[in-house]
Structures are given as C-alpha cells and as structure tokens.
C-alpha cells in the first residue's frame, strides 16, 4: 500500500474557517481543500451573512471568490451563518480565525470551552507583555478569559516554537512583517554576535493585500500604484512581536514598514552590526544550522532573495551579505504576506500540531 | 515693462545636449525648451547617428520621443551628428552631457579647451578620492587631462555648494540616489548630533528608469513588475558620493538600493542614532534652517513624503520623525530620479551658474 | 514689446473652480495657474468644507494635493466655503465645475442668472435627446431651468464646434471616453464612407482615475492591479454622446469600456467597414484635412499611438490603419482622461471661448 | 484500494520538455511535477547548454527558476544537453516542445521517426493552409517531412477536437490569443446564427509574458508599464488559426492584439451581429450545451469574466452579453496565456491523449 493511501485512510479531521471572505481566508481555503491529509473534508465556512442568504443555505464561495471555482466543486462550498451549534453538529476540531483581532478576542475563549482547537491569524494572542499589547487596546484586557487564553496561546512560528506548537490548543499565527523580520534576525541574535549597542534596523516593504480588503484612501489604486510610502514609523503593531521573539529592548530595533505598489509579497531588509568581525562563511553556517530542520525556510547563498520568487509560495526566503570589513551585514528576507505571512504559516502550524509532515499541503 | 520681458530681452545663451535619446536627456530637453531664460533658443541636440540620417539633417526628435511632439515644434528639433565644429559654429556656451561616464571622461577636456562650460550628468567627475573612483575603473585615471578636470569639477548640489557652482565651468551633476541620501542626512550630520559609532543606514528604493533604457534581464517587465529586489549591497557606485559629501568613513554608513516596480521616483529611508536625545522640534528646526534658501527642497512636518508627490517635480521632499526616546530618527526623502536626481538638478545648476533664480524653469 | 507682454497687459479674467479636490479638478488648477493669459490671477477655489476650516480661511491646497506645492505658492491657495456672494465679490467671470452631474444641474442655472459663464466637466448638459439623458435620471428633467440650460449648452469639443464654443456661455465639456471615440470616428463618418449596415465597434480602455477618487471595491488596488475587466456593456453613459455627435442610431455602434491597471490614459480601438474599398492614403488625407486647424489632435501616420505618449498631455493622438482588402479600418485614439478627456479640454474650451490661441497653456 | 492508488500503480509515462527556460516551459514543468498520473517521474529537461555545464550533469533548475525550488526537489532537477540518445536511453514517450517554431519544425520529424509522441507549444504545425502558413516563412515548407507532419498534426484544442487528440501522435498546441478567441466565438458560429456579412471583431489584450523572455524595447518595463498599445493590426500570426478553426474568410474577422501592463493573462472582447434577433437565454443555452463536457471552460452568467479570476488557472472563462435589441452580442473570454494559452492546454492535451480525466493535474 502506498504511503499516500495510508494517509488517506486515517480519518481526516474537520476544520472550519471564519473569515473566508478576506484575502488570507481565501488562501487558507485554497490550501485546505488541496491538503492531502484533509482529502474529502473541506473546511466548514462560517461568518455573518444576511438572513435571506442564510435561509438559502449560505452563499456559494464562487460568488465571493470567482477564482476559486474549480472542477472539484470548491466554488460550490457555502459560506454559512456562524453558529457554535453548527460547529458542534459537524464535529469541527480545528477552527481557523481569519478575522479582526477584536473578533478573535471574543470567539476564542468560547471555542476553547467547547474543546475546539484554534489557529488564530489575528493579532489577538500574539503578545506576552501587556505593555506591547497596549497598541491593540483590547477591551477585555485583564479579564479572566483573556488571561487564561494568553497563558495558553503559543506563538505560531514553527521555526522557533515547533515543540510547543505540537502540544498547543491555541496558536497565535504571527504577523506577516514579524515573520519576515524574525526569521531573518533570530539566527544571528541567538548566536550572540550582534552588537546590542548599535541598533538593528529593519526596513520592510509589503504589497497592498497586507492592508486588507476594505476600500480606503490608502488602498485606492491611485494612491498605491506608482508610489511608495512609509507608514507606522516607530509605532507599527508588529513591533511588539519582534521585541518579544527576538528578546530585545524597544530601542534596540527600528522597524519601518512601507507600502509597495504590488498585490502581494514582503521584502524586509535588516541591518545589523557585529561585536566582532564575522566572515561570510560563518554567517552562512549559522543560518544553515539554525534552519536545518525547517522545510519552509529557503536559504540563498549566491543571490539575495527577491519578492517575485517567494510570492505564491509558503516559504520564507533568506539571504545574508556580510560587508568586507566584517562588521556589518545586510539581511534580506522575502515571503508572501498571505502565505508564509498568514495562511501558509497557519497550515504549517496545523501540520506541526497534528504531527504531520511540516511542509504537507504547502507546495 | 514686465519682469518677464526684461528677461526675454537679455540674449539667451545657447545650450546643447549630448545624450537626448535617454530618459534623463529627454527630461532635460523638455525643461530647456520651456525654460523662460532660453526662450526661442532650444538646445542643439547631438549624438552618434547613421550617415544617411546625418545627410538628411538628423533625426526629428518626435521619432525618438513621440511624447515630445507639441505645437511649439519640439518634435521637429533634430538630433544631429555630434561634431565640435558644429558647436563652435552655433555658439554653444553650455553643454549638457547625459551620456555614459566613459563618454564624459573623453569629451569634457575637449569641451573645456574650447571654452564650453559643461554640466555633466554622468558619474565621471563627481568623486575627489581616487579610492572612491576605483569603482568606475576610469581608463584615463591619473592622466593630465583627468587631473585637471577633477580639480576644476564642482559637485553640482546647489543646497551644499551654491557658491562654487556659481563660479564653476564644470559641474558634476550628482547621482540620483546620492541626492536623496545626502539631502536627508547632511543637515543632521552638519549639526554634529549624529552618533558616529552607531552606523547610519540608508535603505533606498528606485523606479526602473534609474536602470537605463537598455533592455536587459533586469529591466524586463516580467522581472521588474510585481517585484522588489535589493542590489549592489555594499558596492553601489553612489556610495562614494555619500561618503565624500557627508564626510564620513565607509563603515559609518550602509547604503542599499532596491529596484521598485514603478517607472520613476526614489524614496530613501535613512536611519540615524543621536549622541544625545533630541526633540522633534529641534530636528525640524535644523532642517528648516539648513534649507532656508533652498527652493528645491520641500520639508514635510506632519506627513512623511511619498514618491507620488515628488515624481514629475524637481523637488526633493524630506520628512524626519524622531522616536519618543529621542535617540533615533527615521528620515524619508523622495525625489524624481530623472528630475531632482538628474535633469532637474542639472537645470538648477544652470540657473545657479548663470545667476538666475534657482527654481526658474523647474515648475 | 514682445507678444507675451502684450498678452500679460490685457486684464486677466477671474476664474473659479468648484471640485478641486478631485483628480480632474487638480489638473485643472495646475493648468490654470500656469496659463499665460491668467498670469497673476489664480482661480478661486470653492467647495463644501467644515465650519472650523472655513473660519480659518479655508484649507491650503497643499494639504489636499501635496504635489501642487511649488515655489510660486500654489500650495498656499485656499479651498474656501462655496458661496455665490464670494464669487460676486471677487468678480468671477468663468466658473469651472468639476463636480458630480447632480451638483451641476443645480448650480448652473444660478450661475447663469448671475452672468457667470460656465464650463461644466460633468455630464449634466452634454445630451440633446431626453432619451439619451434618461441614463442620468436627472431630478429636474423638464423643468424650466433645465430646458433653458439645455438649449444654451454647447458640446465643448472644439474640433467639432469651435464656432459655437466661441459664443457660448455654458459649455458641456465632453466625456473622456466620448472624446476618444468621437475624434477617431467623426472624420470617416463625416466623409460618408462608412457602411452603416455593418455596425461600428469601439473597444475602449481607461486608467483607474476615470473611476473617480472614492475608494470602492472597483478602485481597490487588489481589484484594479494585474487585471482587466469590461464594464457597462451596452449601457455606458457616454454612449449617448457618441450617438449624438456622430449622428448615428443606437444599434449602429457597440461601445465597450474596460478598466485598465494604470493610473491614467485612454486608448480606444475603433473598427469600421467601408461602403467602397479605401486606400490608406485616402484615409490619411481625410484625417489630415479634418484636423487641419486643430492643434490638440496629433495624427500618427507610421506608428499607431499608445497611451504612454498621450498621458500628461492635452492632445488626442489618432492613427488609422486600413486593411489590404480596403474594406476595413482599425482606428486607435489615445488621450489622457484627466486632460484632453477633462481638464485640458476645459482649458481648450476656455481659450476658444475667449478668442485666445486654442493651445495656449496646454503644453 | 482508493482510486488515487490505482492510478499511481499504473506505470507512469516518461515525459520530456525542451524549452524549460522560458515562461511556458517553467509552467509546464510545474504542472508535470505535480501531475498525479506522473507521480515520481518528473520530466527529462533538455536544451542547449554550455559544455562545462553539461560536464557537471547539467544546470540545476533552481538556478534558472528560483521560484521552482521546493521541498520535493524540483529545484534540483537538471537541464541537460539535448540528445536524442538520452531520450531513447531514458525511455521518453511524450515530448513537450516549448521552443521557437523553427526549432519544432526541425525536431518533430525526428521525434516521430523515433516513435516519440509530441505536444508542440509552438506555431509550427497549427495551420492547414499554406496561405496561412506563409506568415511563418517556414524554410522547410513543402518538404516531405513537413508535409507528413502537417498531415499528422492535430490542432490541440480538446473542446473542438477531443476525439482526434485522443488518437494523435503530434499535437499542435494552439496559440494563446487563438484559444481565447476561438473558444468565445465557436459556439455561436457553429450554431449558424452569426451574420457573415457584418464582420466579427475580436479585440484582444495580453500580458507581457506573451511577448517572451528576451529583453527587447517592447518588453522593457518603461515601455510596457503604465501603457497600452495595439500591435500586429491586420497581421498577427494567430489570425490564421482563427480563420481555420472558425471556418471563416479573412475579411470576416478583424483581430487586434494589445499589450497590457500586467505579467500574464488575456482578455478578448469579441463582437458579433446576429442574422435574427437572439435572446440572452438562447445564447446562454448555446454555450452551456457546447461546453457541457468541457471541464476547462467556465461559463459566466451574471458577471463577465475578468483577467484576475482566470490567471494562474488552466480555465478559459467565457461570458456573453446580448444587446436589448437582440442583434448584437459582446463576448468576453479570459485565460492565462501561460496556462490555458500554453502549458495548461498542453497538459490537458496530454490527459486527453492518454485517456486520463481531462482536468487532471490542472487545479
């Protein structure tokens, strides 16, 4: 019996997605319907819909995302009215939330009470420190539910927390910028070679899908096209994730996001200074060792990564170049903000949580 | 008699352009034909053309740049075979070179011998230090002509060298990236408040016109569109200009250019750390004072500049944001690489050299 | 005394713009502040603003359109609270409306009562036939005011109605698509050589600025970028202008607009069949004669026009190619939807109305 | 035993690709390595490479197409020196040619002599009529080999020639534009309702990948971006395919391609006039019946298709809108020029040839 048959013969788990109408939600659905371990069990799709749509059994996905119409019937899947009873009736075991963080703060405690494991793509449960959480101004900050969930939540970056994710019931899927920055910087910081006195700079650039589906002045084609702008200088929400995961002080890093005139993709250019001069070979080997067992990181030796090669993959591509003086390095990391920066990493977390191969369903 | 009439009555000088077929050359022509001081005297256009084209009196500009066809006859101007005698016959006083640097190295000494003043848009004469010039590998490095020209050349950034430009006969028009970086960083460095131990970072992004008109793998739409890539890490040619104009050591700054998927425009994000904490008000006042008499710099207080607002202008837009800890600042500078980064700055240099209003013909 | 001085000595007229916050309004302002005949008299800018803004004397233009900040002070012009008394006090003679058509329907009768001439960029007064107007569902259809204005309005396409425009007090500035289509088709239809039985096809494509400044699902970067979509099939509002100006029946032409992933520019590809075979030379000469005295039309003989060469000019570029069988022709016309398709044509109409050179201030 | 296991147990066939360095070749490789019927047997990749590269066993694919590097090892596949013996040694049964048509003309007769079935993505064997072939100026036109191959070749559009493809040994994969135009027009022409006297118009727009990977003035970002241009008016090579497959005369259709500023995707807007008035319902039913068993055509009833929904799929999306007068229809068809317009259709042809499910490996 082939390996793939064995897999198929295990009972597939039942997943659900809330937030399938957004960009990340659509990518998540695309990944889950093609996931070899979930064969035949597409995710339940739920959200807030109009009563007359609910009475007709929900909205066919093809009306919301025409590009998802295919001959396996993905376009016929229905977005139904959200209802915990529905999830119970259908035996939902893992719930993906591709929702605003306020929604996740409210929904996750209930999901956990019902024994549903959650992979939350929002920023609701990513931060340990209340000081860092302040930027979100959570209304339930300090409540019993919130404290319990925060204690339970695991930061869903398998490259750093593989073991904890395997045992987790609530996974806080990382921010897209944070993923690009942390994966580039962590190996060098962990190696203890970066000079803490000289600050780290992370200059990041993201495509417009990162700004969400709501039509705004910022996402208007006339503003985004033929343009580049910095925003959130010294104040972007993902900064807290950087500080916590890299274990550094706020003044130790300056993170500046920019809006790129492309639909998707992030490129982060990070700048570090070393305590002692380092060779290119040494830096290369630090990355190689750090990511030895990480299938979703691709290391680039000869060429720096570029957005085009990472987009529509679930990889994070990393390249590092050391100055000839040995004191400085430029790190370039690229990923697709909707995949390794959102839905792809969510599926990677599912794989780790379930004990499946980490890259399964991600190519 | 109106002021504009008085101007018109002074005899207009005769200019010439070599290199009008390129992007910067076309912008230069556009500026010169509309320049109020050159009314009625369009520049002579010269280059290498085919003998049969030369025998027909040259190539009408409209065939090379259809968008330059207008009802004043700009499209009928002719690109003629280059010839020093032609320039002498027509009384060319100021020659603009929008040519490769090798060409400028050869042509400038001859132009100067003939008493023609030169504004050179290439990198041929920008650098004082032979170490910095090494990146260009000039064939005539160290020759008598080259040494004489280097001694004579003035770095054509009016905001820094207004007085010298006014008296110059050879102006080395700055590089586009260098202009964006230097104008953002110089006021703070001149104020002596930047910590030299912690390195400066300049993360710059440029539209594709900066890569020139030659079709290459890099300028192919399929590579440039929907993409972002870093290049020239630790090795870009404009680094020498930064070091000389900012008067800092090579290790004190890390400059990384990126290729943006837009036709034109540069945004440079620069990062500095201060010796002592600084207030936003202090930094704002430093910029205001430094650029008090500089009409081609626009300072932004409330919003950071973005590429879209600078493109198709000859301004450099600058905004600075100080961290609440007072130790760090992010500087954003934007310009049009073909205008303030090339042709616009060249005309600004012409204005300063001739004693005209610095912004004349630049709006 | 030079020609330009004589012009300057005539008293400049006072213009006003309502709707400067939009894309076409901003282009209009840019043209008017640089118009040689309006030297020193920038347009009055009026609209609906907040009371506290009004109490501070209005909103500086530079806050609305940062790219309009220049050293002549355009950024300091103020958008003030609209008020007819203000216009009277300041002696407004010509009012440009870059407003929604509902606004124009209400404002124009009052402006005319006050003796102010109007150039209206909206669709309010373009159509003679009530059947064609039905698509706009004007609330005041058939009112005395409306009938009077309709009788007075002149379709503002100087290439067709130069004489009437010169004498007009209310000019209905044409639609952007309509301008591209009519200017391409009119010469051949006027020559009587197009076969009426075989329908004409006009397949038009426009950049996103044509869809207006409001953020919508359609203007979201994620929808517009990397995409092309047809819309308004058999139902676009500009169809009525085509029918009236070309003097043909509804079934004689099929007009289909498409949304292009570019900021600005229209290319219309029109297809006609001839009654009798025609030569390329004959067609070329028909166009040449028709546009002999039309400075804002550029005819292309050897190459078809493309959007890039027309954008940021006020020209309409036209090229025609006849099939070797002589029975069919493909006509390509290009323009900038914000210039020849809006603000540029408005200024061209001003020039004609005032008896100035038609191209003045348009290069 | 599951269905998918049964498939896997049939011996997979050995395929090969010549031309994997191009855009269509890369997409073809991506499809073939993920094709469930070819599990474990990636295609042999061959081409002209440098001797030193050949001596090292060829070039790793990851160096040519970095985005193809994945954890299944696709990036490690090697492009080897082309050699018929190699194909024989490795038992190549089906050869895909993603090569220039001149190459295919020379290679196909030899492949057939060696008993290798060929799916040729070039224009070498698509045309029956020597008049239509004239546009290619084949050097071997009329040779014995060429005549034999032409007789054997089947036009590889399964929606029209499913039965012949199943039995074919040489499949001429259709042109990208031709696929979009033919699939939109064929149902109506086959139904005999289109008026032949009034010409058909097909106005088609394609992304830049259709122009190939060679850097040219046309594919330069500065030309392609923010632009739209018509080309090949009355002379595009795909016209012959339209005429033959639609069985109409040259004068009956006018086909005009345009270059869109997007990487990939085609939208064709086709215009027909009917002999007798038709209802929307009638037209809808004609399409539904025609494509009843065609899994790679998606029909759109309520919304017209747009490029964004077709790109990165192997579908052709078709929508038709009938005028209220019943005499005219606008047909919009969209596809990805590299997939349904090239590699996707090639795999669809492989599926039909092998008797596999037509959509297999295409989602």
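Each chain gets a letter, A, B, C and D, in the order it is written, and its residues are counted from 1.
Throughout what follows, contacts are C-beta pairs under 8 Å (C-beta built on N, C-alpha and C of every residue); 3 or more make two chains touch, one makes a residue touch a chain.
Keep in mind it's a predicted model, so treat the numbers as computed, not measured.
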Tell me which chains count as touching both subunit B and subunit C.
-> A, D
Any chance you could check whether B-D or C-D wins on number of contacting C-beta pairs?
-> C-D
State, to the nearest whole Å, the distance from the C-alpha centre of subunit A to the C-alpha centre of subunit D.
-> 36
Roughly how far is subunit C from subunit D, going centre to centre by Cα mean, in whole Å?
-> 42
Chain centre separation (subunit B, subunit D; CA means) in Å = 47
Which subunit D residues touch at least two other chains?
-> 225-226, 261-263, 308, 311
Give every residue of subunit A touching subunit B within the complex, in rising order.
-> 197-199, 201, 203, 205, 223, 225-231, 233-234, 250-251, 254, 256, 258, 260-263, 265, 267, 269, 271, 273, 304, 306-308, 311, 321, 323-325, 327-328, 330, 332
Tell me, which parts of subunit D touch subunit B in their complex?
-> 23, 208-209, 213, 215-217, 219-222, 224-226, 261-263
Contact set on subunit D toward subunit A in their complex = 1-2, 4-5, 8-9, 34, 66-67, 69-72, 226, 295, 298, 300, 303, 305, 308-313, 359, 363
